[in-house]
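Listed after this line are the structures, all set down as structure tokens.
Both of the next two complexes hold chain A, though its partner changes from chain B to chain C.
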Partner chain A sequence: MAYTPQYYPGASHVAVNRRKHMSGDVEKLRTVSDDDLVAALGHRAPGADYPSTHPPLAEMGEPDCPVRQMVEPTPGAAAGDRVRYSQFTDSMYSAPSIPYFRSYYAAINFRGVDPGTLSGRQIVEARERDMEAQCKAAIESEMTCPALAGLRGCTVHGHSLRLAEDGMMFDMLERTHLEGGNVIEDKDQVGVPIDRKVNLGKPMSDAEAKKRTTIYRTDGVKYRSEEEVLDHVHLVHHRRTMYGYRPETAAETAPGVGPVTYHTV
Partner chain B sequence: MVTTTDSDPVQYEIFPQRMLDPSSAQELLNRLEQIEGVTRVLVQGPRLPLTVPSGPGKGVPVDHQAREVIRVGDQVMELQVKVGRIRLEAENDVMEEVRALCEELFPFPFELKEGLFLRRKATVTDYAKYGPDEMVEDKDIYGMTDPNMSPTAKICESCVDTRE
Partner chain C sequence: MAYKYPSEKLFVEALKAKFAGIDLADQTTKYVRAGYVQNARKREFQAAGERVAEQRGIQQYDVNVHLGGMTLGQRQLVPYKLSTRPDIVEGDDLHYVNNPAMQQMWDDMKRTIIVGMDLAHETLEKRLGKEVTPESIAGYMEAVNHTMPGAAIVQEHMVETHPGLVDDCYVKMFTGDDELADEIDSQYVININDLFDKEGQNEKIKAAIGKTTWQAIHIPTIVVRCCDGGNTSRWSAMQLGMSYIAAYNMCAGEAAVADLAFAAKHAAAVQMAEMLPARRARSPNEPGGLSFGYCADMVQTMRVKPEDPVWYTLEVVACGTMLYDQIWLGSYMSGGVGFTQYATAAYTNDVLDDFTYYGYDYALNKYGDDGTAPNDLATATDLATEVTLNGMECYEDYPTLLEDHFGGSQRAGILAAASACTTGIATGNAQVALSAWYMSMYVHKEGWGRLGFFGYDLQDQCGATNVCSYQGDEGCCLELRGANYPNYAMNVGHQGEYAGFTGAAHAGAHDAYCCNPLIKVCFADPSLVFDFSYIRKEYAKGAMRTFRPAGERSLVIPAGV
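Right after this comes the complex of A and B.
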């Protein structure tokens, strides 16, 4: 039987969503055209060629290196694209994803990406076309609610503020707004107006956001109620604290000893 | 240390679960103004800048929809913040009137607290902005301005002289 990684413990729907984000098995909810995405990212004009920092690898003549022969370059690296970034912000009010799981999603499911995880934002740096592929997959999937998450290259502090009356996450630069029930993006990541209105679709209802969220909250699934997750976190903490870089030497948690139960204080 | 006495005015803070749109804020402020005894009202929330303050887009106009001109009583003002909390001071206990008003206007939960939210004594910052306490005619101004306001916006003459 083929091995299926579990990725994350827990039985609640929050844990299930976390597993989905990590495994990349996420539902596609909307379609954003390539040109719209390029305009929203703001790194180049829609339809323009990818600027490059070096000639395509095929033309450069690479040195005789076994690692280079083993690892196939990503499309962006093969073409010599610039390194560019996309950055997402997710509201603490039951947004579908959170920075850690966006990073897991990018690092596990995409090659040649460099995810950066911060408390309120998550950035992915990669060769331009690789970054666009990853960003497009994330923005079109259930990981992103257009009202509770957004592409924000700067001024991300709305993630920790209360929502507006219409359910939109606060944005000092108002990159997105609600228009006829749909979320429209008319500025790029850094707040510069673009010459088009990118339709990101309808925001999730409160119930749907709570169903798709990966956030444990006291008004939703409580972290303390997730026994398997707590047990696993305690196990990792114990091994890391007591055995440092040799967790496999932990006698009381070695294979065959039996289950070790940790109790929340 | 600030101590309160029975003769001091009472202060309240309204903390709605959602941040208010300009029209809702205008309605609330106008209704608060009509409650007898309310002397001061302050709105607080995240700033709405005119231009992008930092990053690659620095200086580009923001044109935020929430930065609207509102009319409260006979005064017209431009909202510079997204209204997140409202602090008010009244000469007598108006807790129940304010609670009834919020229940009528807000379709979402809110918190209403009584406490000390607007300071009564001048701070060093107030001294720099308005001058010595005995020179300030309207002491209600204390606690009503943005503490991060630029010193050049308004500063007492003696401080300007000192700097020169």
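Right after this comes the complex of A and C.
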């Protein structure tokens, strides 16, 4: 399925990165094997069959339904997979991704996903094999620095905490640690030890994280300086307010709001 | 720029106390993972849990159960400074279960009802031909203060409540009629002239109340701890009726008593909180029905410090966040153990204070005096954007501050509250302040790509649409919105702030009250157990274990228990 590039205002590299995340135009930086990913997710044993909640759709004798005819099932739905999750925590210290843009990335570029966005974590629920495909793409890409982001199903506390002395985001459950310059994951998403060391690769340097990040910060691209994004926000506020009050005026330019250009990748 | 208030970083002192000896701006730290033993209160809890288990033979609190032995305290367990106060307390001491001052604040609201006297007096005069004079009113006040705590006044062989258990129960009256007020024994009168003596507030209050006469009734704390808030009007009405019968020598069973009862229970009664829809299964005088305007009026700092509208505003926030977040949503609605961390962010460590004073300075310099900024979206946009950007930059420049408000919901509430409180004071208009709230949420979300919990995708993204709309079930003036307003019903981290900037608008306009002058006067009464002028000071006393609440049972239980 082809997706068109997404639009977003702003000229800084943070805005550029946001457009890339939304459009799925992200660089692959590392490889995590399927078994390693399955172990880290912790939903089933590596190599085990996917547990299912219903027979394959092809065997179910589904009713004649125009919606079913129009919508091609995802592989996980077709196979009857159960719905499982992956959940990321991204540090506010210039981690490459941020929760809303993880959600946009998932919702725009993958089918059958149910993203949920909070401040300290971002979850994607989907049929198990569909979720794994989405998670694998995210964790292998420039969206994820293994030191500044992590798979955390529970006890996610850490996104806003100071980094540890070795540059790792705080994790109460210590699911990951630095070993020989690489980030090693030896517990699954909910902190249960796994029987392998999953190598997530080297942490990004501070400069690389700042280059790839999507967060505005005073020690990086200052939000205050990104006037076009702020004007975009002001326009959204104006329109949402006026649509509830005098809808016929909502499309008018908001007083004091500058022109907003929506760029694409 | 010339600032009315110094905009130094007020939160730095608190951060220094919390993160002693470290560079507040350092983005890294050493995590020593000291566990629960680093914290005195957790150690106390562990010891207490062991004692409880030994005494009752059933397992109780054991810190080692947490994550199978990985105890709380893998990061630094930092204490909290009550904003504006020197007091440093443990977070646990701000859980309402551990804090008797917090409990008493809610008890004092729940056990209060205001009942007009004029309807009863008309019944007495016109129907029964009784003469109502200042002397007869004083006699009635004596009677009602005897019987309201639960004493007999007409019947024989009655059981009564122990006066020592109900010593917080009393009735006072107030009126806009100076002449009448002067003629009543002062022990029974809430003195509007003295209590509202700044900025001519007393004249504004009296003009609003007029010649009408009201009773501020506070039934015993111990009663509302046994019964729901709906009992307040019933308990009150029963004793009012008996007191009228006694004071005016009425027949106990004559039909006119029904008129008095109807007035006391309905026609002349002002509940502190409205009854909720049946699906909520809550009576009147329960937190979900407390409007933001009433909540703002209960807090009295506008009366004692009208020259500092920010201070008053943030006392309202402290009141509202504790009640709405910790008690209402945190326990009543969710069934949980209290959303304490949401609320404490708003009234500890001088963070919201700093952000709001910053905005106040900005507004003063740009728009002039309180309440004079234009009431339009441009003002909301300007103030909310500046205040939110400033706050975000503070979180970025002080990693310890970001760590202190470790949840996005905390930060969102603080940034939006500072924006809205600033705007309310600047414009004198709560609706423009509400618009600033939503603007702040948008600015925050777009800058950091995160906001609060899932619910922020609902209320804080669609709420702007209802700021100006006053269509039924869509919009309403903020003073009359409340905890059960559509989209606000599970709005943790918001409702106390809404009450705060409701108050901000009226503090900015230098009004004498926000929504209802009767509420304002009732809670100005210095005889109340909880001091509604200094909410955070009272919370600190509760946390320091120096607050003495009402409704204790020590008189009737074995000593040492």
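Here, the second predicted complex is superposed on the first by the 240 of 265 C-alpha atoms of A that agree within 3 Å, B and C clash if a C-alpha of one lies under 4 Å from a C-alpha of the other, contacts with A are read in each partner's own complex, and residues count from 1 in each chain.
Everything below uses one rule, namely that a contact is a pair of C-beta atoms (placed from the backbone, for glycine too) under 8 Å apart; a residue touches a chain by one contact, two chains touch by 3 or more.
Just so we're clear, the structure is a prediction, and the values are computed from it rather than from any experiment.
Annotation for the three-chain superposition on chain A: chain B and chain C clash.
Applying the stated contact rule after C-alpha superposition, one finds that A:G153 touches chain B and leaves chain C untouched.
When the two structures are aligned on the shared chain, A:P75 is found in touch with neither chain B nor chain C. In the superposition on chain A, contact of A:P46 is made with neither chain B nor chain C. In the superposition on chain A, contact of A:G24 is made with neither chain B nor chain C. Legend: residue contacts after superposition of the two complexes on their common chain; A:G191 is shown touching both chain B and chain C. In the superposition on chain A, A:H177 makes contact with chain B only, while chain C stays out of contact range. Shared-chain residue A:E165: touches chain B and chain C both. For chain A, the partner touching the most residues, choosing from chain B and chain C, is C. Chain B runs into chain C after superposition on chain A, and of the options 45-53, 135-143 or 513-521 the stretch responsible is 45-53.
Common to the chain B and chain C contact sets on chain A are residues 155, 157, 161-165, 170, 172-173, 191. Of all residues in chain C, those touching chain A in their complex are 26-31, 67, 70, 74-75, 376-378, 381-382, 385, 389, 392-393, 396-397, 399-400, 402-403, 405-409, 411-412, 435, 438-439, 442-443, 445-454, 457, 461-462, 464-469, 474-475.
For chain A in complex with chain B, the touching residues are 153-155, 157-158, 161-166, 170, 172-174, 177, 188, 190-193.
Interface residues of chain B facing chain A in the complex, by the touch rule stated above, are 16-21, 24, 46-49, 52-57, 60, 62-66, 82, 84, 108.
Looking at the complex, you find that chain A touches chain C at residues 18, 92-93, 97-101, 116-120, 155, 157, 159-165, 167, 170, 172-173, 191, 214-219, 223-224, 229-230, 232-234, 236-238, 240-246, 254-257.
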